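Dumping the structure here so I can ask a few things about it.
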């Protein structure tokens, strides 16, 4: 054993900590009406509080098992997951604060998969669905009394083939990129936003944010991803008074014109290499002034 | 060195072999009309032939560099990728057989990402797009004169909340699953099909297969994934005379009713655990009789 | 419904088909001795036979449920997974052929994760382990009497910084790559091999293949990935008389010297871009002559 | 267009924001000596500052292009990446603050892949390497004068087959998990730590943290993952005076004894289902008291 060579034990203590269950895959069917509704959600539910006894002394007396956290998510979903995941997150935190003797708060994260109704014979079907790409994300934190809710969009991959450029930037020692006033603009939208009010119709807001992005993305010449971020933010804050500020994280999915001229083939912005890496990354908040 | 302990060199030779470039990310814009069209394709192009000199003797004289394969894919896409990836695959193979002194054939695989037009202000946009989940796959093999084409669908995730069951199966020593006549049926469709004709409108066929799946999936009680496979196959072969046979690979994405009764909560087919693994896997060809 | 527009039902039948359970995550501890041994395996077990009744008529009478397949894998592992996964695969197929009235054969695939003993205080520990990257893969097919066994290596990522080149290849219309006699050679080995004998010490063979690759990879100047494939094959077939032939699939993980000269910085084979895509792909069998 | 129905533009402004390049795959060879050394690093370099003109007005005048960021990473690596990625991060931030008229700070993240020397003929090879699983992560933030450095370990997958339990926890309404004093403990270590000093030998510290984890993981009975977290933290802070505090994020990779008794097969802690999801998640800081 090498331990005998070590200095005396350091004096240490627990800092911030949390625990719970992650990747709980909850699926709920609302089947009271012939037209079924579904919720397909991955849940991560973590608890905060004074868990020093377990950490320092190995005393589990007051710990809720993470297996119990899982059971609870499914059990409460029965009656409490009726509208948005955001409201369900509040219910979960209320429960854990009340059930755990040492629990003083919680944070719950949701990844809700979106499904469209299947078009069968040209009609939207009552109980058949097709998975869509974009996801509805949500974070709920709180002490059981008050909550901070953040909602988001993930994996919304959008692209326009023109009406975008990148010009007039700084030229310095390591700059070699040529300017262009006609490029492909492609990004995978990751957005999250905070609310001005304590509660609202979270699902309606989510849909209005989606609509805002879809309407604004193609309707103007885009001089940079930075500008797109601002234009998106301004539009969302205009359409959604419930939102106090919004953050976007935009990978710039570069589509690089392939150099065919060297082989005697012209390439009038037609043939591109869709580069996977590296990618530009542009991130920021747009807030109310 | 340990080699001196080894037996004499084994007498060996090259068996079947192929090489080329994989994960070539080709993006093409058709911009002659105001309403742009796009092709977003990942290409793998491999060549077969007599490459013994390179393998055995390290003589690269007759080898087309894989970097050249990449360049060629982009260069030929300019004029030859005008309709389907299937036809483009034939053009690529024709080229490599003609360009490589030792190349006698090729096989090309495509993963074509599907995009929908963005709905902006309620209208389909001319040059803005949103990525969809399902993919159009294709394999083209041949010697430059004749070709075998296989097309497919990938990552089409479908689910129905009722009208499916699993009953009457064999009960034996290790059987513990309860029967049910009302379960969730969920799968990610991976399909591929072969053609009766040498050539056809591959994109139209692909769309008809998609429609066949969407129309049939929910229109009947499904006693098993096996039966769904047959029903799908029959429908596709009925609607698509161009197709000689079709293969499906269906993961059974189990949605397991969560046992809430042990906590005093009833669960009338409402709360499910969407299990990630393991999964049932059902695969097979449906052919013309 | 659009079906009324369709032609009469096509006459169809089932072709080749199979089903079973995939991604079964089996972990076994051998704890009879203080020095524990472990097996960490993902299993896919599929059955073939006459399953027409289920497919065509929805009659499940003779079907083993895939849930039963899962249970069986765990149950048989207790007594039958004692040496290699290859032998365990034979036991599983024997069982399914005997248990299923319509089962005539099976195919089982294993991905065995490799673990090293943890070095604690400089000693290999008896019951603590660290996950390694390479995997031991295996395929077993058969009718319960005779079997075809294939074994393999996956995710073995190797690299050498010199003693490799790419020169003398064909120059044609779309060739732009410069030649080099000093490049980085990097690949992720995916190998599989077939056996001359009906049975052998599969784990010992696997280790000898690994050693052959490690000894040969750096011991010579490599003119191409093709030549490396042949050199590897010859060495393995020399050291392992049990193996009849071996297949390698080599992605060429390109490390491209970054053009720093344009910024006045020299780059004597020092700074590289480790390109993720596209990649060269070189595949082939080496067989006994 | 639906915009005419919208309320007047919201009054908005940019909040916190940053941009740069991500997933830059840098590979450096140190080849001055016959025994080569390598650095294999994925870099994300972001800049902060006053970028309002670009966001709000589309004026790119003072923006460093993200393509320039990429070029710079490769160019500076030539002379500045000589020891640790942590020191290289400081050099990058110093450069961007000096090169960008509006840049006031930066944050750089590294994922350094670890490689072991290949054992060929029983000897560590001079220029051949095998990829290992654990990664060295690092975050450097600063204004060009002072820096905050955080280092970490990722993808270190460890497991012990005994000497771990989970007992004495809270039993409440939704608790169904049985207690055990002999379970498998498995986790993928994600650690990060902060430093007390402005600079130190980061690579030596990283190795000492690794050794601390390896020595402590198996040397005691573990009553919970929480306790393991504390034991690890105490050991690291004892061995590494340079570290001020350390954070661990531990997924509890559950290995669940498979219920074979129902089939008449005993299972004395031998056969387990290695469950992929959900997983317990235990996170926390251990600090100096």
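By written order: A, B, C and D. Residues from 1 in each chain.
Heads up, the rule we're going with is that a residue touches a chain if its C-beta (ideal position, glycine included) is under 8 Å from a C-beta of that chain, and two chains touch if they have at least 3 such contacts.
Quantities reported herein were computed from a predicted structural model and do not represent experimental measurements.
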| item | value |
| --- | --- |
| Chain of greatest Cα-centre distance to chain A | C |
| B-D or C-D, whichever has more C-beta pairs in contact | C-D |
| Whole-Å separation of chain centres (CA-atom averages), chain C against chain D | 29 |
| Distance between chain centroids, defined by C-alpha means - chain B, chain D (Å) | 35 |
| Residues of chain C whose C-beta touches two or more other chains | 1-3, 25, 71, 75, 121, 173-174, 176, 215, 219, 263, 276-277 |
| Complex contact set, residues of chain D against chain A | 1-3, 6-25, 44, 46, 51, 54-68, 70-72, 75, 99-101, 166-170, 172-177, 211, 215, 219, 223-227, 229-230, 233-234, 237-239, 245, 247, 251-252, 277-289 |
| Chain D residues within the chain C interface of the complex | 25-31, 36, 38, 40, 71, 74-75, 77-79, 115, 118-121, 125, 127-133, 156-163, 184, 214-215, 217-219, 255, 258, 260, 263, 265-267, 269-276 |
| Contact footprint of chain C on chain A as seen in their complex | 1-3, 121-122, 173-174, 176, 262-263, 276-277 |
